[in-house]
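Shared between the two complexes below is chain A, which pairs with chain B and chain C, respectively.
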Partner chain A sequence: MTTVTRPTRFDLLTLWDRLKSNYLLQKIAQAIFVVWFVTSVTFFVVRAMPGNAVDILIQDLTLAGVSPEDARNQASLLIGLDVDKPLPEQYGTYLLNTLRGDLGQSYKSSGLKVSELIVQVLPWTLFSVGLSLMITFTLGIALGAIMAYNRDTWIDHLLSNLAATLDAVSPILIGLLAILLIGVTWKMIPISDMRGAMSPGMKPEFSWDFIADIFMHVRVLLLVYVLSTIGSWMLQMKSSTIATLGEDYVTVARARGLTDARILTAYVGRNATLPLFTRLAISIGFAVGGSVLLETLFTYRGVGFLLAKAILERDYPVMQGVFLITTTAVVFANLLVDFVYGWLDPRIRIAGGEQ
Partner chain B sequence: MQPTLTVRNLTIEYATRRGKVQAIRNVSFDVKRGEALALIGESGSGKTTLGLGIVQLLPVMARITSGDILYRRQDKTGAPPLEIAALTLKGNSLRQFRWRECAMVFQGALNAFNPVLKIADHFRDTAKAHGALNGKSLEERGKHLLNLVRLDAERVWKSYPHELSGGMRQRVLIALALLLDPQLIILDEPTTALDILTQRNIMDVLQELRSKLDFSLIFISHDLSLAAELADRVATVYAGKIVELSDVQTIFKAPTHPYTIGLINAVPTLSGHKDDLTSIPGSPPDLVEMPSGCKFHPRCPLADEQCKTREPESEFAAADHQVTCWQWQKARGVLKSYA
Partner chain C sequence: MTNLTDTLSNLLRELIKSFKILSRNTMGMIGFIIIVTILFLSFIGPSLWPPEASANVDDINLGVSLKHPLGADFQGQDNLIKVINGGRDIVTIAFITGITATLIAVVVGSTSAFLGGRVDDLIMSLVNIWLTIPKFPLLAVLATVLKLNDVVTLSLLMALLDWPGLSRQVRSQVLSLKRRDYVEAAVMLDLGTPHIIFRELLPNMMSFIAIATINTMTFAIYQQTGLVFLGIVPYSSANWGVMISAAERRGVLYNPQAMWSIIAPMGAIVLFQLGLVSFARSLDEIFNPRLRIGV
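Right, the complex of A and B next:
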């Protein structure tokens, strides 16, 4: 007996040691821990809020004429939890359900699953925020580098002031101004085109009409997203490029007679953008959440819009669901950047990777 | 043989907030074929500016206001040399001149390499920019040079800069400087910030390269012992001017400029008593408000009225010994030198 169990224990131990020394697994474990932690905090905070969510629902149902007994049953059915059960047990059920991908049901749109609601709105947010992020990142880097290369000329002064102004003005103000100027004062784009993600009656399909329609609806929102975020990207790229231009290896590259194009791309550009990638990853994570204010302003049915509605209606399962996917996205985007960064910057390449 | 480099009446100005500053004032000198010229002097004397001026890599606020720099590439056959007036070069021809004809190895090679590129890529980039070797022949030449500077070529070739120590990086940079076979190499404080053993190692490498390969050298240093070891001729730089220039024996055994004598007396020797060690009083002059007359007179023990009012011209103390001082004939006798 002992001769059989000993090797097994030994194997398990080495396996554990190997897991501990594996950077990838460590990082994933950390990420999962963070997601679990935030999910749990959200669960308890929602239940610790004054006017317990379930009580409010029961109250609402009672007010609507349902008997207290039935209201209680309906409520627990809707929320998918037995409200009479002690909190730890509810928490256990919630965690199990979440693990299975079941985020519960919406209080208000009865019968609709939270996961379905999110799947409905998520593509629109990913499309609008993702596209704007790509534009902002590319344009911000290009303009920031131009500013740094033309430091203290009129181009730099013009762009720096513009960037600082855009960065300082609140996105919602830029949104309102865009609607006012483009839609009302100049009448460049009909206001109805700015509202919603697509025209009523349009079927999501892979056709020119559909693509043209969604771009028509997203263009002003896209412009507002780009304008409200590009300033800080430009300024960050500018300072990063100026710092890189002062590095010895750039002077040495010039002394080595390298072409300006090669110095700009491989020596200045590549090093100056390194610090911006961390920010890009975090932005990609937050892209999943969308913007509560702007999506509401443009009635663009994305994740932010859904969240705003859920908060107004005290639809706690939906709120929990949105928070869960946003957290997960941010955490895993950060995880991704850890690995991409190692690939971009050999100095922090992980031990055990390429030798 | 004509000199590899001829510098005549070179003046370099910096535009600062407090006004224009002459960092190099009317400097002339030659670097002969295959010789090593050391430029010595305190920090801020203009040594590095002189080096940067030759490859035209001065900071934006600096400007070369006058002078000529003539570079000659010549081979042993005695064919007429290829002459390049360095200061007239612009754009692509300037780019080609750098490193192919005149390579400058910078102070503090710690950051001389792009951190995201391997050493091999640095060699490849340099060769490509000059339309030189590629592929297998580049790799062979690169590894040969790395071996010459006593590095493990196979390992270093595939390394990233951060995987090498400071001394290794400095040697890689020297190997890289040799890649295009330039006839002039400027070494700006190549051993600063390195420990004494690494410094020794690099000096040995440089000695060996000088004996094996054919190139001229400008060696910029504040370390007199290193200059004495490596150089054939030595120029003392003070306040943007060469104040004394001669062969290494004369400079260290029979210096005539009070500043050179002062520098030599400030170097501790193994046999000398510590009481014999003297520093030069005061500090290098403020270039914006330069003293009148000889720029060294406020710190000079021999200064008289003439020194305070008139700046001396360069004179020949011997056939190959220039000195810029009113008192040079007295200096040797009055000031003790322990060198």
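Right, the complex of A and C next:
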């Protein structure tokens, strides 16, 4: 009979250790924690901090001639919380509301629910940012590998300098330059094609016309997303590939007389790409952050555009809602990446976490 | 007294040596010259070429000419003079953010690496969580709610948001350095933690830290231009970011003649960012003696 030693002490620390040893559970717990954390921070900023957004709203309404009583009632209605209740109770209601998907109402577009506003624009951002990430990832990996294979030749120097330059320049400047060069100076693409997500009068439907139209409108935005993020991917992939090329198993594969193509795909490519998956996390956040600026520049009506507009109009419920939704989306995209990574690299699942 | 002069002359000699190494690296030297020129023009330039007080109706949206080397803007003011007067905020914010963020990152990252165990686990989990939150939207929302109007507070806020990524890199650097022979020797000789950190570890991390600072600086420039573009922080009437967004709002992009009023400030920012990056790329050689055998 085998004796199984079980932890008899079931306190917080052993729970923590157990969580840490299970890769999937650990990642899920982490994702939930981030979403809760961000939700609480937004509550704190919008509601609990001295000089917070709700107090300012009440103040503005009073200054506009509304009686203090009515002002408080209006504010309560807009944010979906009773502002006269104690703060912990408001926090509880807020968490429940958020869980139900009720993010309050917009200050400016009266009567419109924040959740509805977001649902309208979210597909556009998912489409453009998702597509650009896929292009950047594939292209960056290919170019990085080319740089590593042609180390210290003119191709490497050219691409390395290009990557470093692109990496250094702000996305907003690349966007402005793209409009300036492609639209105005060279007149390659009409400016009307760069503005908005689709032609005026176009109806979202599943037809070739519609699909062709949205691709026509997204192409310059895509180009700017790709240009502003590809530099770091290329440099990362280059150093990762160079490190992999020095590994013993590559030397052995060469000694066995395997073809270069086989070594590239089955030995070098797979292993060199692995560390890049962990970078996707930062990259997704960066692309979403950039969308605030780039969607504004290209008047592309996505989530970033909505956030920029809410910021300009000081529309706090919309700001809070968009921030929550984008963060949640990024966190769950990361969770997905973590799962894929755990599946691609079994070492991660077994060791758990860092190693 | 002799001690002080010795130290000073030593420092001077080290500086001259670093400069000699730098001058052999073309890219680094170009970057260095760009940074120094921009610093000089931004801080001393305004007193040599003060901003124009009034609009010049005759020169509105003029192209490049001898009178206006970079054209004139929608008020007929010279773009070059505006660019010279518009650098101070951007440069200051970049430096304060870069240095503050790096300081926090070095302290937290090396503490985490040295203590190890559960403390390290906890700090690194928090840092990893922090990394998944999109920074720019958070910064935009916070800057709006907090109504930031001065340069220093904005830089400190950006530094507070930007340090975690760096601290993870610092931690892995410290972890790898900790296993080197000379550090282990110092530990065995019981030279004390301050000695190990300041005399053994930090000097070997200098190039890494300098590069990290510079990368944070370019990121700070990006964030700050973005905030100005969204109209969140109009802290000063004339800086490169404000010039860009003012020109963009006036539809300058679509008016080939007036284009220079957006190209000039954009060029200044791009030049500064590129200068910083090419300088950073050469720093490795300056600080790392192994990379410059034969010098």
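In this section, the second predicted complex is superposed on the first by the 295 of 355 C-alpha atoms of A that agree within 3 Å, B and C clash if a C-alpha of one lies under 4 Å from a C-alpha of the other, contacts with A are read in each partner's own complex, and residues count from 1 in each chain.
The rule is short, and it goes like this: a residue touches a chain if its C-beta (ideal position, glycine included) is under 8 Å from a C-beta of that chain, and two chains touch if they have at least 3 such contacts.
Note that the structure is a prediction, hence the values are computed from the model and not measured.
After superposition on chain A, the partners chain B and chain C are seen to fit next to each other with no clash. Touch criterion not met for A:L126: it reaches neither chain B nor chain C. In the superposed model, A:T259 makes contact with chain B only, not with chain C. When the two complexes are overlaid on their common chain A, residue A:D167 makes contact with chain C while staying clear of chain B.
The partner that reaches more residues of chain A, of the two candidates chain B and chain C, is C.
Within the superposed three-chain model, A:I191 lies in touch with chain C and out of touch with chain B [touch as defined at top]. Look at A:V330: by the touch rule set out above, it reaches chain C but stays clear of chain B. Once both complexes are placed on a shared chain A, the shortest Cα to Cα gap between chain B and chain C comes to 10 Å. Contact residues of chain A toward chain B in the complex are 247-249, 251-259, 262, 266-267, 270-271, 274, 344-347. The residues of chain A lying in touch with chain C in their complex are 20, 30, 33-34, 37-38, 42, 45-46, 49, 52-53, 164-165, 167-173, 176-177, 179-180, 183-185, 191, 281-282, 285-286, 288-290, 292-293, 296-297, 304, 307-308, 311-312, 314, 316, 319-320, 322-323, 326-327, 330-331, 334, 354. Residues 121, 124-125, 128-129, 131-138, 140-142, 144-145, 165, 218, 221-222, 225-226, 229-232, 244, 248, 253-254, 256, 259, 262-263, 266, 269-270, 273-274, 276-278, 281 of chain C touch chain A in their complex. Contact residues of chain B toward chain A in the complex are 55, 57, 95-100, 103-104, 106, 108, 110-117, 125-126, 128-130, 160, 162, 173, 176.
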